[in-house]
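First the structure, which I've put down as structure tokens, then a few questions once you've had a look.
In this document, chain identifiers A, B, C and D correspond to the written order of the chains, with residue numbering beginning at 1 in each.
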Amino acid sequence: MSGLFGAINTSDRKSDIAKTVYYGIFSLQHRGQESAGIAVNNNGTFMVHKQPGMVADIFDDVTLSALGGECAIGHTRGADKVIGSDGIQPILIKSRVGNIALSSDSSILNDDEIRDDLKNQGAIFQTNTDSEIILSLFSRNRIGTEDSEHALLETMKNIKGVYSFVLMTEDKLIGVRDPYGMRPLVLGKKGDTYMLSSENCAFDALDAELIRDIEPGEIISISKEGINSLYFDDAKTSEQRVKDGNVCIFEYVYVARPDSVIDEMSIFDSRYKTGQALAKEHPCECDLVIGAPDSGNAAALGFADGLGVPFGMGLLKNRYVGRTFIKSTQEQRELAVRMKFAVLKTQVKDKRIAIVDDSLVRGTTTKHIIRFLKDNGAKEVHVRLASPEVKFPCCYGVNASTNADLPATRMTVEEIRDMIGADSLGYISLKSLKEALPTIHCGTCSACFDGNYIAGKPCPKTDSVHNVTYN
Amino acid sequence: MSGLFGAINTSDRKSDIAKTVYYGIFSLQHRGQESAGIAVNNNGTFMVHKQPGMVADIFDDVTLSALGGECAIGHTRGADKVIGSDGIQPILIKSRVGNIALSSDSSILNDDEIRDDLKNQGAIFQTNTDSEIILSLFSRNRIGTEDSEHALLETMKNIKGVYSFVLMTEDKLIGVRDPYGMRPLVLGKKGDTYMLSSENCAFDALDAELIRDIEPGEIISISKEGINSLYFDDAKTSEQRVKDGNVCIFEYVYVARPDSVIDEMSIFDSRYKTGQALAKEHPCECDLVIGAPDSGNAAALGFADGLGVPFGMGLLKNRYVGRTFIKSTQEQRELAVRMKFAVLKTQVKDKRIAIVDDSLVRGTTTKHIIRFLKDNGAKEVHVRLASPEVKFPCCYGVNASTNADLPATRMTVEEIRDMIGADSLGYISLKSLKEALPTIHCGTCSACFDGNYIAGKPCPKTDSVHNVTYN
Amino acid sequence: MSGLFGAINTSDRKSDIAKTVYYGIFSLQHRGQESAGIAVNNNGTFMVHKQPGMVADIFDDVTLSALGGECAIGHTRGADKVIGSDGIQPILIKSRVGNIALSSDSSILNDDEIRDDLKNQGAIFQTNTDSEIILSLFSRNRIGTEDSEHALLETMKNIKGVYSFVLMTEDKLIGVRDPYGMRPLVLGKKGDTYMLSSENCAFDALDAELIRDIEPGEIISISKEGINSLYFDDAKTSEQRVKDGNVCIFEYVYVARPDSVIDEMSIFDSRYKTGQALAKEHPCECDLVIGAPDSGNAAALGFADGLGVPFGMGLLKNRYVGRTFIKSTQEQRELAVRMKFAVLKTQVKDKRIAIVDDSLVRGTTTKHIIRFLKDNGAKEVHVRLASPEVKFPCCYGVNASTNADLPATRMTVEEIRDMIGADSLGYISLKSLKEALPTIHCGTCSACFDGNYIAGKPCPKTDSVHNVTYN
Amino acid sequence: MSGLFGAINTSDRKSDIAKTVYYGIFSLQHRGQESAGIAVNNNGTFMVHKQPGMVADIFDDVTLSALGGECAIGHTRGADKVIGSDGIQPILIKSRVGNIALSSDSSILNDDEIRDDLKNQGAIFQTNTDSEIILSLFSRNRIGTEDSEHALLETMKNIKGVYSFVLMTEDKLIGVRDPYGMRPLVLGKKGDTYMLSSENCAFDALDAELIRDIEPGEIISISKEGINSLYFDDAKTSEQRVKDGNVCIFEYVYVARPDSVIDEMSIFDSRYKTGQALAKEHPCECDLVIGAPDSGNAAALGFADGLGVPFGMGLLKNRYVGRTFIKSTQEQRELAVRMKFAVLKTQVKDKRIAIVDDSLVRGTTTKHIIRFLKDNGAKEVHVRLASPEVKFPCCYGVNASTNADLPATRMTVEEIRDMIGADSLGYISLKSLKEALPTIHCGTCSACFDGNYIAGKPCPKTDSVHNVTYN
């Protein structure tokens, strides 16, 4: 998973474009916090600053001031298949049409095929990233095509998979969303500055205006000359393209930030409504409804409302718990969970608690939490999940899970309930989950729940260059 | 403000005492996150590891394993009057009775007087810390006293101010709480390991048991030989000592962690009850009650309950906002607040919102939040505060405010309401706040609300050695 | 300038190949100390660790142990035309024939032409390095050639310039030296491990044996199957290839380490003999001969011997002076020279001093040194240079000088003498310098002295991707 | 061993006093390179910046600019008995007479006695340094003495040991040299700025003038009011004080920088003369004289001159070898020596080599060097040492050796020759060494050669506070 952000100043006035992008990717860190970077186009000269780490640690005023220019793109990346530092984006290249920078949020399924094909034509690959594949294809496709947009259209035809990306040429900012529309990408505006972002929460942070979602299969190109679009499936109308799209349902369930809106549906509202529907499908006798901190809170509020039982707090999450926690022994791992969550004893004592979470993947943490609640006097603990059973691994990069990890593929609901020690367990049905998204115009990809891999399945992978550059 | 933690293994079995203290101070970081340290006593040899920064960044397995021993104390410190790195604790000294280590959470009011007096006897001071004063006094008082505990008793007589501290000698772990009981200090136990902590949330994290609060004016001393106590006012009974004490009311309002219990009163419950009382004192017509993230949530739940209006979410706090945010221009400062808080538009649109916060000091953030809510369609915004007007600066180190900073000293409630742009503004009365602490046995210090400085006022300060050691 | 080192274990026994390469590049740091890296081939899987900084700071035991494998190449690089961190070598790529790693010491003159040509075929470039050009050419040339060696032969035909490089494929270690033989490259052996190095001083350090110099235009390939060579000019005999070669004469004058041997001529000896010849060409009346620290010592010893005047010490170089010296004001720059050199007053007082240096480029430091010597009582200071006047910029990367910097292009010897404040000044003639290399079998490139650019002149440069990655 | 430097601006003009001290300690790093610091007095406010590491890495322009003031002292420290970072100087304290900063180069023999005595009066100690002892004594002695100088006089009476130190009060810069004059300390001047330094090489670097050596037992005090001196033995004349003094003879043999002058004797000259005398006492048949790099060069030049045999180069020292070399296995240790020294084969082949070193302590490196020379064809290797056999450990901090480490205490010269593999071995006699210092007016301490511990022997040590603060 990655966060993408691009901005272009279409006026002739000077602007702090790198700072705009900085605030943009800062607001998208929930999509990935392992590394970040910003590339700028300063009158045709490109510069990039990128590193492992958190956005606020990578950039300071001095660096941002050095990154002057009229267009910039940024990237924030989560842990993924790439080992070492070679996956840090944006990637900069020089091609026959000049400098190009790219930030991508993608899962290319035929990556090894493309790479092999390009290699056989003499290409070399310095990283394992999708971005390098896209740029290498683009560069070849640019020969004999009239402009960058048509070269990208050809590139989309070569690629099998799901993706959004933002690309910066020497005079344009271009955004691309895959024909399935699986990954979000939105267009915004503040004054003369146009912006592309994975989510509109970044626009709100910048006090910018959301114009619209990029359509599935759309190539949007912004320059001083204006905004133009090209479409993968040109024969369809906009309505059809949207209608035929399938956004990843996990964006609503977990990934996107609650204050974002994807395809005109508020993320928070979708979770709240899911909670209400869950109360209808799986009501329970309880005294207090709590959310699994922090991702279960929106659904828990809806569940409490649906049930007519008070929402409250029973668990606290320690805000100092980061990646660096020491977990070398079993006892320390147990302690690590204790460090992460604290029980409000007086709140849970002698109560029947319903705890609502967004999803249950392996169940280990839920099991610990239930035990903590009971150790602190909870009479009953009922678990309600705002998504169906995860029965299929996501091959589009949203969950790193394999079949073997997924309890729901080999256990019944009752067996899982028993394993985690809950008094009852209820998953919302896929039908109800989809109904909790009343305003969206496209379909959804729910492969992780129903095995329907809309964009197909990946080719097997081969081993890779390991570019280990410690910083 | 500081977090204190000490642990002593009273058995002959080996234990990871430094790891116990590590988890202890990890759980106390809400009391201070500027620096941290752990000192251990390994059979009379003392070692310390301390640095600026967060607990998880300062210690790793290698360091903790190197810190073997049977007793250890830790410290986590917030920003305070000390410049540079010389205030990092614990402090280690050698005295005529051997090695001593000290962690203190204190505000000594007559520090310059004591220092001058000791200097006139030939003492030298290498830091500006209270800890050095305490150790220097202790060392002199230890001449002619029968044991460390009595030397500490003499030291308490020399000191004017509020404090808790934990001290480690070559064979004992000692905890001291000032006669006002203004700063919390609790005793816990897990197996043969006894622990002292600023708050019992650290015991829960360690799966240890809370035994009791240290009494105001108590010197508790733990060794392999057992536990003994000495009292500043020996003539009183335990009940009287507690009854005459005055815990800082801001511990309940803001400082302590919600899952802690001070003087048998749950912090979360005290805030919830305050919210309920606030609903009675300052009800309002509204559609949704929200908490100011994150410190207002407990009171907001109580307020919503008292009012019979649903509690919900209207604001999100960005969990990636840390100390390093760039704020060099006015526009960037505005952006910084936007980065920190996000509005859930669909939740607040066309609604009358009541927002509950723990307290209002300068009001700048509240003002921004109200504007964001209104910009996003909130019809009305009513502010309710779970503490009275802060009219007096705290000279005991809890707030850094001076008179000049405090709007409540120069503005009426109506003027403040106008400044922050709220539709209505209500502060709980001090009387109701105190009533929301039904189970505590001691009094409270509420000097910041009523100007009654129970422990007196400080002497004026003189300038100091600036020991600037960048790391 | 760069230092190259490669090693391959041709036995089946395990060996610490990365440590061998570590010691190799450690011994080659005089050729470049800005960054360093090591890539290993572990049974077809490639890994690299590279960073800005000094070799000893970049690698530790943990890192070297992680770099297991049977073949490795290393690189140590000086400051050059590449901005930022994208020039750090070795570079790793995946090509149609698998993983490839490359370390190069090169100056490609037609780099922009090649890049443009490859871009027009759809290639992309992520760095400004020669290495990426070489690898991109190699990869295309590998299509339709029978093996890597023949692909490299084609690549050599595409490249105009001077270079040595070591390349690692999944089963071979390959070394290439340009047809001019301008950059050194030698073959060595210790047990079953074969090594390629820029200089044989690295073999001595490793207690390995020097086998021979790689011939100009030779492609040497080492694997478990044995050692094979291919030649750029296959028609010639080895003797002819060497005879037609032209090693950079600055290797003897300044670049190479005194204990190295290039084309069977000891570097130290060549400098000593130059000093002796200088005494014949430019004798002087003096009481003491000193070397300009440290690079003038070998020639000074020969000069003293030729003159029959004692060699001694008059100047010390501060061994703590590094890159980090503070030089923001004029006074600080003057101080910086004073920090770098100290005069032994009692040695120089009332004496006529002859100071011998390897070369004089801008003369600034020499001027300061002469003044220091005179300020400390030297009666006369005579400057003797072990190389002719530098009248032409080197376009092969050895000196960064441009025409404008070179005093000898616009001033007579007498004017330079006057500028630096010497009592006399003598440069060795190019003829005598060449005669001081009696045992070498090839010619020399002395373009900087005579303007005879044996490998041609470079094409004009265009601007570039700036990949600024701070560490 | 430490380097001391202090400077005071006695005019009213602004000056960069911290930069002066920076250049001063930069020039004294040969006396200690483990840590460094600078303290400044800015109109009574003191500030210090100190860290582990090298001077050039610790300070930058920003830091130095922040350290404004009219007086400053610096310190550079070698590895010593102090563990961790608590020995980093200067040390700052507040005393009854205000701020004091101290840099010391000392070995106090009765440190534990003093500490115990002060502890019994109630003092506490936070470090294991001599500096803290000196300051604690000074502070007590200041009560009832008329001024700081007399308090220091009392302090000198309390201390048994050898030392020089520079101390900064709120209005003075004070230098103290022990009554034995064992550690050097000199006074210099540039314009209105007076300076104290361990060696005058720092004055040359700053283009300042050496005024004189501080006398044994002198307390020199510099302020805007002028320069005053007080003497430990006031009854003596200056001539007698100097005559009765005993400077450490190892300053001439090894410690001081060759361009320094101690007691009017040039260090370089003393070593050169020692070499000449060595040629008379232990001549040898040889073809080439070389110095053990780098410390043997001065004596080797004198030896070659005395013998009438050419001085030349046979060994090179790698300038990149620092503290960080990897030496975990035996083979790596051997390699480490190979990395450090390179043999110039053509110079040593078939020759009889005389190698001159300043001293031989354990002989391990010498043994390796002899083997390298012989492996590279040297016919004979004769070792000559410019100091007598080291038979006694130095208890004054110059050598860390214990009796057990010193081969000369248990082996004959012949046995040592055999151990190191030399063809002959000659040590200069103590008599000849002393005669090589013709111009000095004081005596010398040669305890390491003759066991005559002029300042007495130390009391046994007890264990200590370990203040381990990693950076």
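Quick note on the criterion: a residue touches a chain if its C-beta (ideal position, glycine included) is under 8 Å from a C-beta of that chain, and two chains touch if they have at least 3 such contacts.
What you see is a predicted model, and the numbers here were worked out from it, not measured in a lab.
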item	value
Partner chains that chain B and chain D have in common	none
Distance from the mean Cα position of chain B to that of chain A, given in whole angstrom	38
Where chain A and chain C are represented by their mean Cα positions, the distance between them in whole Å	49
Chain centre separation in whole Å, for chain D relative to chain A (CA means)	62
Chain A residues counted as touching two or more neighbouring chains	none
Chains grouped in pairs wherever the two touch, ordered by label	A-B, A-C, B-D, C-D
Complex contacts: residues of chain D adjacent to chain C	19, 22-23, 26-27, 29-30, 33, 54-57, 59-61, 64, 201, 204-207, 257-259, 266, 268-269, 294, 297-298, 301, 305, 310-313, 316, 318-322, 324-326, 328, 332, 335, 338-339, 342-347
Complex contact set, residues of chain C against chain A	44-51, 63, 66, 91-96, 99-100, 115-116, 119-126, 132, 135-136, 139-140, 142-143, 463-471
